[in-house]
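What follows is chain A paired twice: with chain B in the first complex and chain C in the second.
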Partner chain A sequence: MRFIIQRDQLLASVQDVSKAISSRTAIPILTGMKIEASPNGITLTGSDSDISIESFIPQESDGNVYVEEIKPGSIVLQARYFSEIVRKLPEQTVEIEADANLKVIIRSGKAEFNLNGQSAEEYPQLPKLQTDDSFTMPIDLLKGMIKQTVFAVSAMETRPILTGVSVTLQGGSLHFTATDSHRLASRTIPVEASNVEFANVVIPGKSLNELYKTLDDSEETVEISVTNNQVLFQTKHLNFLSRLLDGNYPETSRLIPEQSKTVIQAKTKDLIHTIDRASLLAKEERNNVVRLTTLDNNQLEITSNSPEIGRVSEEVSVQSLDGEELKISFSAKYMLDALKAMEVEDVKINFTGAMRPFIIQPVNDDQILQLILPVRTY
Partner chain B sequence: MKTWEEMEKVQPLASRIITNSIQKDRISHAYLIQGARGTGKREIAQLLAKGLFCEQKTGIEPCNACNMCKRIDSRNHPDVHWIEPEGQSIKIEQVRRLQKEFTYSGLESDQKVYIIQSAELLTLNAANRILKFLEEPNKKTTAIMLTENSQAIIATIRSRCQVIDLQPLSPTLFYEILVESGVSEGNAVFMRALTNDLNEATRLLSDDWFAEARKLVVQLVEMFAINPDDVYLFIHRHWLAHFKDREQHEQGLDLLLLAFRDVLYFHIGNEAAIVCFQAGDERLERLAMHFSQEQLAIILQQLLQAKRSIKQNVHPTLVMEQLTLQIQR
Partner chain C sequence: MNEQKQNKARVIFHLDMNCFYASVEMAYDPALKGKALAIAGNPEERKGIIVTSSYEARAKGVKTTMPLWKAKQLCPNLIIMRPNFNRYRQASRQIFKMLAEITPYIQPVSIDEGYLDVTEVEGNPIEIAKKLQADIQRNLHLPCSIGIAPNKFLAKMASDMKKPMGITILRKRDIPTLLWPLAIEEMYGVGTKTAEKLRKLDILTIGDLAATDSYVLKRLLGINGERLKNRANGIDPSPVDPEAVNEFKSIGSSQTLPEDTVNERELKQLIQVLADNVEKRIKRKQAAALSLQLTIRYHDRKTITRSKKLYEYIDSKNEIVSIALEMLQSHWNGEPIRLLGITLQDVEEKKNIAQQLDIFSYEKEEGKEKISAVIEKLTKKYGENPFKVLTEEKQENEPRTSFQKDFLDDYKK
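Let's look at the complex of A and B:
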């Protein structure tokens, strides 16, 4: 294998790929970065077995030649040293050459590094992409969906399947659901008609957070395809693969109450500020409980009481308040998470009694749904 | 031992049990393979894993040449997980990591294998945690546990595995292998008493530390007979300077055990079994004059007790001091 490459392009790719590489891994080869040269360009791959990132540097793009004198081949190099080396090389061009004995020479200007590589055959094989099973969506929409759901995944390993976000694509609508069994966040969007359908695909929350950070806002669309074990997010030069969680995601649609007894419409900001203030005295170890009481004249009272510390109460006026009177306690943290994730001005909250879960939705938009279980207080 | 055919020569019964279940496609979800050092536990585990992943099997034999087989050998296969003791035991953290891994789908395939080496070193907590997924294995998961002593594994794990006992290597077979690989006959006799792992034997024989250790052992035994007053000094000046970590101390005690056993054999006329000394060595005669059979029996017991103490983390200096005092008595 041999090629000469522009350092800036190489560095950008190396930095992208390094995000997936961790120094503590069970499989020794994964501390390395795979470099594969083909006549069309150079592919770099990094993986910590949960997520894998592939970055492609084309031989030329828009008339700019990035890679020259390519002799195809592949090699695995220690990622730690390789990325440091690339960062500190003196010249704009880099020559990388590997021989049959897995010895690698990196030359730039008058600097020359001799590294010991590992065989690329040892590297895990990532699934081949099948482009006919994929669908495309705008990146900002995907990032929005991730942001609105992924915070609700469980942080506990006791039910591993809940540490992921369940993704289904059916009848042209894409649906994300996350729950930690005390709250639930879900978001639906229509996607452009495609003949792909899947269900029970559970993507680990950690991977989605990583994907959120990796996806570049400057690019427009991302292509998503799902295979048996992995899900692939593909942008122009970057492939992001994540393994899926094994198991069946619980059926969540029945949890969502259909009627409601009390309906509140309010300004999101007002609610966030009021609950935030009330939660100052709510204690962490008691689930941050605050209490909401309906009053007359479109007024709510938010209170919180910790006997050792003190008591807070605040009245807040809402736009409308219909239905039965209500006293309900819930976790301020969950409520704030849900309200902040919504990113709309006005929200509608549907209650079905003090002991039943309630749902929060934007006014006039039922694609976003946040469900929270109340806390029993005496 | 890279094929079942070779394995069958060394472990006929065990390999027949496993190859039969491969042929009938009835591989158990968990194996507990028990056998002394060098009996081929790891090789069997590797063969089993290759059998599950190899793409070009001929019958039951893995090809040992494809990508899958090569990566299983180099431990780079992403769906074959090896758990080894970190330090003295296999800790719960390692099991937790493994458990987490098993909540994910496979990286390349839809099946997974995990191999736990020295499973007797699982801490009680770790073992109980493992139970959980031994009990409810995910689809297509194969557990292979390797141990030298299946009795040291908690009964709840043992009862959930198919236990496969490996027979100890026959000493004569090992002797022949050693001689074939160019070890002198005297050394071969000696090594077969100490180990039954060819690699370990050749490594020890080419190790300066080990040669020195053998010399020290003979010196110490002689000193007990000739100059018992200086033994304590000898222990501090030479023995403890040479034998440093626990493993080395255990080896030293093993050597002492063999040496004293030789003296006993000399007493009862079983000279064919003598390993440390050459038969007809006059040193042996002198030693036999000094130690009676009863004394020797007690000494051997004390050596075994010393080995146990070392295993239980008693300070080696104290163990050796106590041992010498007891032998002098």
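Let's look at the complex of A and C:
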């Protein structure tokens, strides 16, 4: 195997693929990165057996030549060393050559690295997805959905299914839900997928976080294919494969209250800043609790109290405040996460009582929903 | 707190029950009186060690923590009994009730010892002590020793000086003659490790310690060095704190296996048992914990402890088991295990915890809220809460060890 490649293109691909590679893995060869040269271009592969990422660097694209003098072949290199080397090479072009004894030479300018490779035949075959159940959506929309939901997955392994984001596609709308059982984030968008429908697909939160980082912000589209136990995200030059979580995602739609007793409309930023300030005195190990009290004249009071530290209170004006009086305590962290994920100027909050979940949504958009369970203070 | 008292010379008692478990057994079955009696962990298994013994057994050389077989060698007609913790707990509770009749300033330290601040109590302290000792002997048939001193440390040292049924007064002016000649390991607060360190500096008696430069001690033992030096000089400002028993920061349970094992099923079973134990104890305290510590002792006695900070407070057996198992998986090196221990740390009473509601169960909590609203209303109407929380309390098997202290405030109930 031999080829000469543009360092920038190689580096970008190496960095993408590295996201799937873990230094702690049950299969030793998975600490390596597979490099495959074919006449069309170079494919890099990394995997930790939960996530696999394949990045393709075409020989040429839009008239730009990225790879030259390709002699097909393949090799596996220690990912840790390979990515550091590529990052620090001196020149814009890199020559990589592997011989039959798995000896690899990397040359750039006057630098030359001799590395020991491993046979690509020992690298596990990535599962080939055989499915017609695929649909396409814009990358930026997918990234938005991930960002607005994935933060709410559970960090605890006590209920493994909740460490994932539940994805359903039904009646032309794609729906993401994540909950750690204390708060819930969901987002719905319409997609043009006439004949595909699925439910109970649960993608690990970790996979979606990596996918988010791997996908470029672009106008391009991503094709999503789902099977029983895998999901594949394909862009022009990238294949991102993740296993799915086993088990049934709990039914959450019935948990979302439909009525409300107290309704607030407010500027998102005002709420964020006030709650952020109040949380300065809220102790993390006690759930970061802040208290919201409704006052007259469209005013709220946000307070927090830690006996050992001190007390803070601040009044904040809202645009409207309707319904019953309310005193409610909740985690400042959950509230801030939800408000920040919204990315809108105005939000409305529907409360249903001090001991019941409340819902935060953009004022004129019910496709984004953040739900938070309050904190019971004794 | 008690500012007035701080200025005035204080009178502190340390009450120490003599051979407590053995004495309780003898009170229960007078036929045992005058015989060599030992209470041992578990006579059948190898974890059987002497927990306590009567003076008759001690005369033959039987000591606490000695393995059973060795004790039997020294004293062939030793009577060995399993501990009946419920008996001891009951006796303990009665003793502390008697103390509470003298003064509210009681600090229980363990099942069989405690401090009293009798500064404010009218009467001659020696007479009070004599009467207390006689009352305990008459009502419960149990012997005790009492130390009388101006602070807790000296009182503790004093109660140790004459056993059984001693009453010892240790005044400040007695320190050079009574306290300083004692070997350093006799000093309360100096364990074997500390004693070893001190001996290296030629500090062999409490008097030596009293005369050592505090800078040297601070370098050697940190802040505790200074505290020990002060105590050696008869200075101990710590108050008798009745609330100290409520400041529990951890609740733990550990157990040695019958045999060293790598059998995962056995280890899992043990974890179930330990979790069951700590669950009972933490529920009794109406508390919950934010960290869990797992102790693994291997066949070669090498011991590791690992703690994990949790995301939310836990108090149920299931949660404890699942976290303990997860930790065992990640920290066990596969070698045979001799002992496992589970300790809940960062324990907080539930009333101080803000409880994050759960989407899958909040409706239950909401129900409770309605109940408490009703209770509040009725309380306002009738002046006092007409309802009582019935706590299910299994008397059997509880407490399980002499180290656990979560029942020491029972005398208040």
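Rule of thumb we're sticking to: the second predicted complex is superposed on the first by the 283 of 378 C-alpha atoms of A that agree within 3 Å, B and C clash if a C-alpha of one lies under 4 Å from a C-alpha of the other, contacts with A are read in each partner's own complex, and residues count from 1 in each chain.
One rule holds in what follows: a residue touches a chain if its C-beta (ideal position, glycine included) is under 8 Å from a C-beta of that chain, and two chains touch if they have at least 3 such contacts.
It should be emphasised that the depicted structure is a prediction, and the values quoted were computed from it without experimental measurement.
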Room on chain A for both chain B and chain C (clash or fit): clash
Touching partner for A:Glu157 - first (chain B), second (chain C), both, neither: both
Which superposed partner A:Leu255 touches (first chain B, second chain C, both, neither): second
Touching partner for A:Arg356 - first (chain B), second (chain C), both, neither: second
Touching partner for A:Leu371 - first (chain B), second (chain C), both, neither: second
Which of chain B and chain C A:Asn228 touches, first, second, both or neither: first
Clash with chain B (superposed arrangement) - responsible stretch of chain C out of 151-159, 187-195, 259-267 or 403-411: 259-267
Chain B and chain C contact sites that coincide on chain A, given as residue numbers: 157
Parts of chain A lying in touch with chain C, wherever the complex brings them together: 155-158, 179, 181-184, 250, 252, 255, 285-287, 289, 329, 331, 353-357, 371, 373-378
Residue numbers on chain C that touch chain A, as the complex places them: 290, 311-312, 319, 322, 326, 346, 350-360, 362, 365-366, 369
Parts of chain A lying in touch with chain B, wherever the complex brings them together: 26-30, 49-50, 121-125, 127, 157, 160-161, 163, 204, 228-230, 243-247
For the chain B and chain A complex, residues of the former touching the latter: 67, 70-71, 74-78, 81-82, 96-97, 99-110, 138
